[in-house]
Amino acid sequence: MSSTSLTGVRGWRPSLPRRHVPVLVTLALLLVMYGIGVSQYRAFSNIQVVFNVFIDNGFLLVVAVGMTFVILTGGIDLSVGSVVAMTAMVSASLLRDGLPAALVLVIALLIGPTLGFLMGCAIHFFELQPFIVTLAGMFFARGMCTFISQSSIPITDGFWTAASQQRIGDPRGNFVSISVLIAFAVVLVAAYVLAYTRFGRTVYAIGGNPQSALLMGLPVGRTRIAVYTVSGLCSAIGGILLSFYTLSGAPLIAVGMELDVIAAVVIGGTVLTGGSGYVFGTVLGVLVLGVIQTLITFDGSLNSWWTRIVIGGLLFAFILLQRLIGIRFK
Amino acid sequence: NSDTGGGSGAGDKIVLGFSQVGAESGWRTANTTSIKEAAAAAGIELKFDDAQQKQENQIKAIRNFIQQKVDVIAFSPVVESGWDTVLKEAKDAGIPVILTDRAVDSPDKTLYKSFLGSDFVKEGRLAGEWLVEQTKSATGPVNIVELQGTTGSAPANDRKEGFANAIAANPNLKIIASQSGDFKRADGKQVMEQFLKANPKIDVLFAHNDDMGLGALEAITAAGKTPGKDIVIITVDAVKDGMQALADGKFNFIAECSPLLGPQLMELVKKVHAGEEIPARIETEETTFTQEQAKEALPNRKY
Amino acid sequence: MTGSQPILTMTGIRKTFPGVRALQDVDFRLFPGEVHALMGENGAGKSTLIKVLTGVYDTDDGVITLAGEQVAFTGPMQAAAAGVSTVYQEVNLCTNLSVAENIFIGREPRRLGAVRWGEMRRRARELLARLDLDLDVTAQLGTYSLAVQQMVAIARAIDVRARVLILDEPTSSLDAGEVAQLFRIMRQLRDQGIAILFVTHFLDQVYAVADRITVLRNGALVGEYRTGELPQFSLVEKMIGKELDVLERLDEQQKRTAVRPDETPLVDATQLGRKGAVAPFSLRIHAGEVVGLAGLLGSGRTEVARLLFGADRADHGQVAVRGSKASLRNPVQAIDHGVGFCSEDRRAEGIVPELSVRENMILAMQAARGWLRPIPRRRQDELVERYVKALSIRPANPDLPVRNLSGGNQQKVLLARWLITEPRLLILDEPTRGIDIGAKAEIQKLVVELSDGGVAVLFISAELEEVLRLSHRVAVMRDRTMVAQLDNDDSLDADRVMQTIASGTSNEEVQR
Amino acid sequence: MSAVAERLRPLTGHRLFWPALVLVIMILANTIYRPGFLSIEVKNGNLYGTPVDILRLSAPLMLVALGMTLVIATGGIDLSVGSLCAISGAIACVVISQAPDPNSLSTVFTALALAFGAALVLGAWNGVLVAVIGIQPIIATLILMVAGRGLAQLLTEGQIVTINSAPYRAIGLGHFLTLPLAIFIALAAALLVAALTRRTALGLIVESVGGNAEASRLAGIRSSRIIFLVYVVSAACAAIAGFMITANVSSADGNAAGLWVELDAILAVVIGGTSLAGGRFSLSGTVLGALIIQTLTTTVYAMDISPQTSLLFKAVVVIAVCLIQAPAFRAKFNRRRRSPRTRPAAAPREKEEVAA
C-alpha cells in the first residue's frame, strides 16, 4: 500500500504577493489621495506639505509602531493616548521643577514601559482581557495627568526648545524636525525587530495562535509582556516627541489618540485578530490619516460637523476600497 | 498676492486662516457663525478649520495655513501653552497671528499681534460683586455651591478666581461645595443632585456657564425647591436658553460672555494686513443681565 | 535494544479537572532507543499524560524524572530545552507563518541575533525532503491541508536534537505513504538512541513500529507490555476493559453492493465544480446508499463534500434532490434538503468550544428549526442522553464545555449533532479520525444502520479498508478531479483502487 | 472558618457574586461617609433619594450595555453607540422643537418613531459593514463613531436644542408607581432582551456564532444574519438611551450626549462577566455592571472626590472587579490559601465511576 511517490510533488503555485496585498492597496490609495490633493489645491504640491505630514504625525507614527506590536499578537492597547499625555506632563512638570533635561528624559522614558510592563503582567498572569486592562491603564494615566496639574505646563528648557525648533534641511525652505528623524529611527528598528529577531517572529506566532505558540515551546508569556512594554516605550517616546511638538504638557492632550492609532494600524493592513501585518503598512496608515486631515484643512470651507462627517466618510471609502480591492486581488 | 493664494485663486481678497477649537458648545457654534458671517460681510476669504478640541490638530492646521500662504492667521487656542514653535514658523513666513477668545502663555509677545476676547476673571468678579450687593443685609451665613467648568480650563480657573475674590468682601458668604460639571447640562444636573442631598441648606448656586445652570435647574425642581427663589442662581455666558431662564425668573443674574467676536476680528484682520499698529489686548464688549434687563434684551438676542 | 536505565519515568501521576479524574496514580517509563506506544480509548488520558509531562498542565501529584533527575517543567519551552520534543494531538502550529518558520521558530539559525532567512529555508527544505515532502517553504502554512500541516509539525519535532520524542496521534490525518515515511524516520531516530512515545488508535501501526505498549483506561494504568507478548485482541480487551468481539465484527462486514438504477437518486449532481477547488464532476447518490470517496491527501475529497453541502458555492453545474432541481448555495439550503456534513477539521469548523456538549449536539437541529422554536428541555435531554449513550461519549455529563472533552469524544459530539437532525444524506469527512477502535467500530456500525434505514452516506476516509468495507460504491479522486466511480463488487479491492488513483483511469470504469 | 467557607461555596461560586459584592462594598463605603446616602423620602408623591438617582441615571447605560452585550457575544464591538445616542436624541428633539405643539402625544410619538427608525438604519449600516463586507467591527463602528457625532451636530446645527415637551420629558423624568419611568423602561428592555435570547434559541445561536462563526455556519446558522441583527439591536438600545439622556435635561446636545458611553458600556459588559472574545454572555451581569459604574460616578460626586482623581478611582475598581472574577487570579489565590492543608487521600477505587 505504500505509494510514497504519489504523495510527492504536487503542482502548488506559490502565493507570495497575497500577504502584501493589503499594504500595496493602501499605498496605491494613498497615492491617489495625494494626487487628488495636488490637482485640487495649488500649494498642495509643495514638498513641505509632505514634510509637514511627517512633522505633524511623528509622535503618532511612533505610538502606532508600538501598537502594531500589540495588535500583531492579537491584543490591543487603549492606554497609549493617556500614556503619551502622561509622559508629556511628567516631563513638563519635572522640567518646571528644575531637573536637568537628561534626567527628565530618562525618567519620562521609564514611566511608559513600566506601566506597559504591569499591564502585560496583568494580561498574562491573570488572563485578563487586554481591552479591559489597558482601558484601566488609560484611566490611570489620564488620572495621573490631571493629578500632576490641572492646567497645561509650558516647557522652557533649552534642550527641549532646541529639539522643538531645530529645522533640519533648508531652514528657510523645506525642512523636517528632529522628531521626524527619531520617528524614522523607531520605524526602522521596529521593522528590523519584527522581521529579523526571534522576539519579532514570536510576536507573529502568538498572533497566529497563542495556544499553538505555547505548545511549540515559544516564550509566550515573556513575549506578551514585552509587547505591552514595547508599546509603553513607544508611547513614552511619542510623549517626548509630543512635548517637543507642543513644548508643553497638557492634561487633556491626545485624548482619543488611541482610536487614531488603531485606525492607522488597521488601515495599514494589520489584522486586529493578530498575526499579519507590517510596520511599513502602519507608516502608510499614519500617512493616510495625515493626508486626510491636510486635505480638509486645505479645503478650509468645512463646518465643524462636516469635518467629522467627511473624516468618517473618507475613512469609510478608504476601508471599503481597500477591502474590495484586497478581495479582488486574492 | 495672486502667486501666494491657496487653491481658490484669491485675487486681492485678504485670506484669513482661522482655527477653531471645535463645536463643543452652543457658545462655540455662535462664535463660529459670527466669524463666518463677519468674514463674508467684510469681503475676507476665510479658511476655516475645526480642531475638534485637540491642540495637535490646531498646530497642524496652522502649519497648513502657512503652506497656503494665507495673509493672516487667527485661532482660539485649545490650551494656553505650547504654541511657540509653530508661531515662530508663522512669524518666519511673515504671517501675522491674532488670538481670539483664549490667550497663550508664550513669553515672546512678538509671536502674535493681538488678543481679542473676554476677561474671564472679570466675569467671575461681576457675578460675585452682584451677589455681595444682594446679600448686604444678610445676617446669617449664606451657603454657596459652585459648579465649575472643565477642570483646568482657563474660563473655569479665572471665573472661580474672580468670583472668590469678589465674595471675600462679605465674610457671611461661604462656598460650601464646589465640583466640576464639565460645562455640560447633564453633568451640571448630576452634580447638583448630589449637592442637594449632601447639603440641606443651599442659598446660592454659581455656575460657570448657563448650560450647567440649566441642568441644575432641573435638579432643584426635582428636589421640590423653587429655583430663583429658594436658591439664587448666578451664571455666566448669556446664551439664549440662559437668558430665557433669567427672564422667566428662574435665574437671578448672568454675567455675559459674548461669542460675537466676528466683526471685531475682521476689523483687526484688515488693520493688521494693512500694516497698522493695533493694541496687544482687546476685550469684547460685554455686559451683565438682571431679570428685568433680560426681559428687555431677549427679543433682540442673536444667539 | 532498550537500555538498562529509563530516560524518563513518571510515577504516581495524578491530574484532576473539574469533574473529571483524568489521571490517577499513573506510572510510566520510557527507555532510550525504543518506540513506546501509549494506548487507550478516547478520553483514557493519553493526551493529558503527555501534557502533564511537558508542563502544559500542572500535576496534582506525582514525580517525573528525566535521565535520573527530577523535573517539573513549567511549559513546553522548558521541556524542549531539556530535550523533550512533542507533537501534540491537534496540529499546533501557526497557520499565518511560513512553512519554514513553523519548523524553526524558537530556534532559528541566527547570526548576531538576526534570523538567517535563507539558511532557514534551505534547512527546512532539507528536513522536509527527509519526509519526502516538497513544499514551498515560503508559503503560509495555512494554505496547506491538515495532513501537510501534520507532516510539518512532525518535521519540527524531529529536527530538535531531542532525547525524547513524543508523537500524539501524528498519523490520524496521514495517508499510508506518509505513515510509512514517518515510520522510517521513527526507526532511524530510535536507532540513534532516541526514546519515542507514540500515540495512535491504529492497531496495525502499533504492531508495525512499537517495541513496548502501555495501556491506560479511564485515567488509570492497566499495564506495560512488550509488543511481541501482547496479541492484538488482548490489547483491545485491555483498552476496553471487557472482552469484546470488536475485531471479529470488523472483519465480518461483507461487501455491500446494492445498485438501484431504476430509482430516482436522492442527490444528483451534474458537472458540479468550482474553479481552483475541484473540476466538474457528476455524482448520484441513492437513498440508503453509501458512497465512499477515495483519493490521496489534497486530491479534493473535502472539496467535493463542501460543494455538495453548499459550504463553498459551486460555480459550475447543478444539483437535483429527489428528482427536482435544487440550489445548494449555502449550508442552510443544504440542511433544508436533508443534507448533513461532518467536517474533517473539528476544531476550526466543528465544535464551538465554549458551549456545552448538549448545546453543541443540538446546534444543527436548532438552527434548522429557527430561533423562534427552541427545542424543549425534555426533548433535548432525551436526544442528548440517547446519543451520549449510543456513541459512548465520555464523560457523560452533557453540561461540560465541549472543549474539556478529549479529541475523540469531541468528534463523537459532532457526529451526534448531525445524527440528531435525521438527515437524508450524511456527508462524513474523516469521521473516524482520532477515534479509538471501539468507537470506530461503533461508527462503522452506525453507518451501516443508517444506510439500512434509508439514509444515504458520503463517506470520506483516509483508510481505504474502511471505505471498502462500508461503501456500495467508491468514487476515486485524483488531482482534484473525479476520475472514476467503481461498484464495490467482489473484484474491487484496495489494490485496484490504488491503481486507479495512480493511473487516473480504471479499466472497467463504471459510468456514474 | 473553613466550614463557613464550605457552606458559602455555592454562593461565592456564583457568577454574579463578586460584582454584587463590589457593588455592596461601594454602597457601604458611601453610607459610612454620608449616612444619608441610602435614605429615601417621599417628595411630591414620588420616591426621592440617592439610590433612586443611581437607578435612574444608570438606565441609559444599562440600555446601551444590553445591546453591547449581544454585540460582544458575537465577538464584535460597537463603538458607535455614543454617537447613536446623540443622533437619536437630536432627531427627536429637533422634530419636537419644530412641531407646532410640542406637548401633544402624537408629536412626541412621531419624533420617537423617526429617531428610532434612523437609529435602526444606522445600526443596519454597521451590520452591513461587519457582516456583509467583513470589516473588522472596531473599525467599522469607528466610522460611525466619528461621523455620527458630526451628523448629530449637523441636525442641531451645533446648538443645544432645548425643548419644552412634557410627554418627552417623562421618558427621562416621569414617574410610574413612585419610581422614575426610566428605570422601568430599562428594566423592560432588559426583560425583553432576556426573553428574546433565553426563552428562544437566539441566545444559544448568538453564543454559538461568537464561539465559532465558521462552525456555526456549517451547522446551518446564518451567522452573518445574526451578526447583522445584533448591531441593529445595539443601535435600537442606544436610541432609547439617547431619548432618556436628552429627556433628562430636556435638550439635545450633539456634542455631549452619550459622550464616552461606549467605554462605560463595554466596561459594564466585562464587569458583568461576558468575555470580549465572544461566546457566553450574561445579561444580569451586564445590568449589575452598569449599576456598579453609575454608583462609582455618583460616589465621585457625592464624596467630593475631585474629578481628576475619579479616573484613578475608576481604574482601581475596574481592575479589582476584573481580577477577582478572573479564574486565573482566583486559582493562584486559592492555591496559596489551600496549600498548607493536606490533600485528601486518594480514592483509587473510584476509577470506574469517572467513565459512567
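Couple of notes before you dig in:
Per-chain residue numbering starts at 1, and chain names A, B, C and D are given in the order in which the chains are listed.
The rule is short, and it goes like this: a residue touches a chain if its C-beta (ideal position, glycine included) is under 8 Å from a C-beta of that chain, and two chains touch if they have at least 3 such contacts.
On a predicted model such as this, the values are computed, not experimentally measured, just so you know.
Set against the Cα centre of subunit B, the chain with the most distant centre is C. Subunit C and subunit D have CA centres that are 43 Å apart.
For the pair subunit B and subunit C, the distance between mean C-alpha positions equals 72 Å.
Between subunit B and subunit D the centroid-to-centroid distance comes to 35 Å (mean Cα coordinates, whole Å). Among the residues of subunit D, those touching two or more other chains are numbered 153, 158, 307-308. In subunit B, the residues that reach two or more other chains under the touch definition are 22-23, 29, 32, 151. Under the contact definition stated at the top, not a single residue of subunit C touches 2 or more other chains.
All chain pairs that count as touching, in label order, are A-B, A-C, A-D, B-D, C-D.
Interface of subunit A with subunit C (complex): residues 1-10, 12, 14-16, 18-19, 192, 195-198, 201-202, 204-205, 207-209, 211-219, 275-276.
Residues of subunit D touching subunit B in their complex: 34, 36, 43-44, 48-50, 53, 57, 153, 157-160, 162, 173, 245, 248-251, 253, 255-257, 297-298, 301-302, 304, 306-308.
Against subunit D, the residues of subunit A that register as touching in their complex are 122, 125-129, 131-133, 135-137, 139-140, 142-144, 146-147, 150, 251, 259, 262-263, 266, 271-273, 303-313, 315-316, 319-320, 323.
Residues 14, 20-21, 24-25, 60-61, 218-220, 309, 311, 330-332, 335, 341, 343, 348-355, 359, 363-364, 366-375, 394-397, 417 of subunit C are the ones that touch subunit D when the two sit in their complex. Across the interface of their complex, subunit C is touched by residues 199-202, 204-205, 207-208, 210-212, 214-222, 279-280, 343, 346, 348, 350-352, 354-356 of subunit D.
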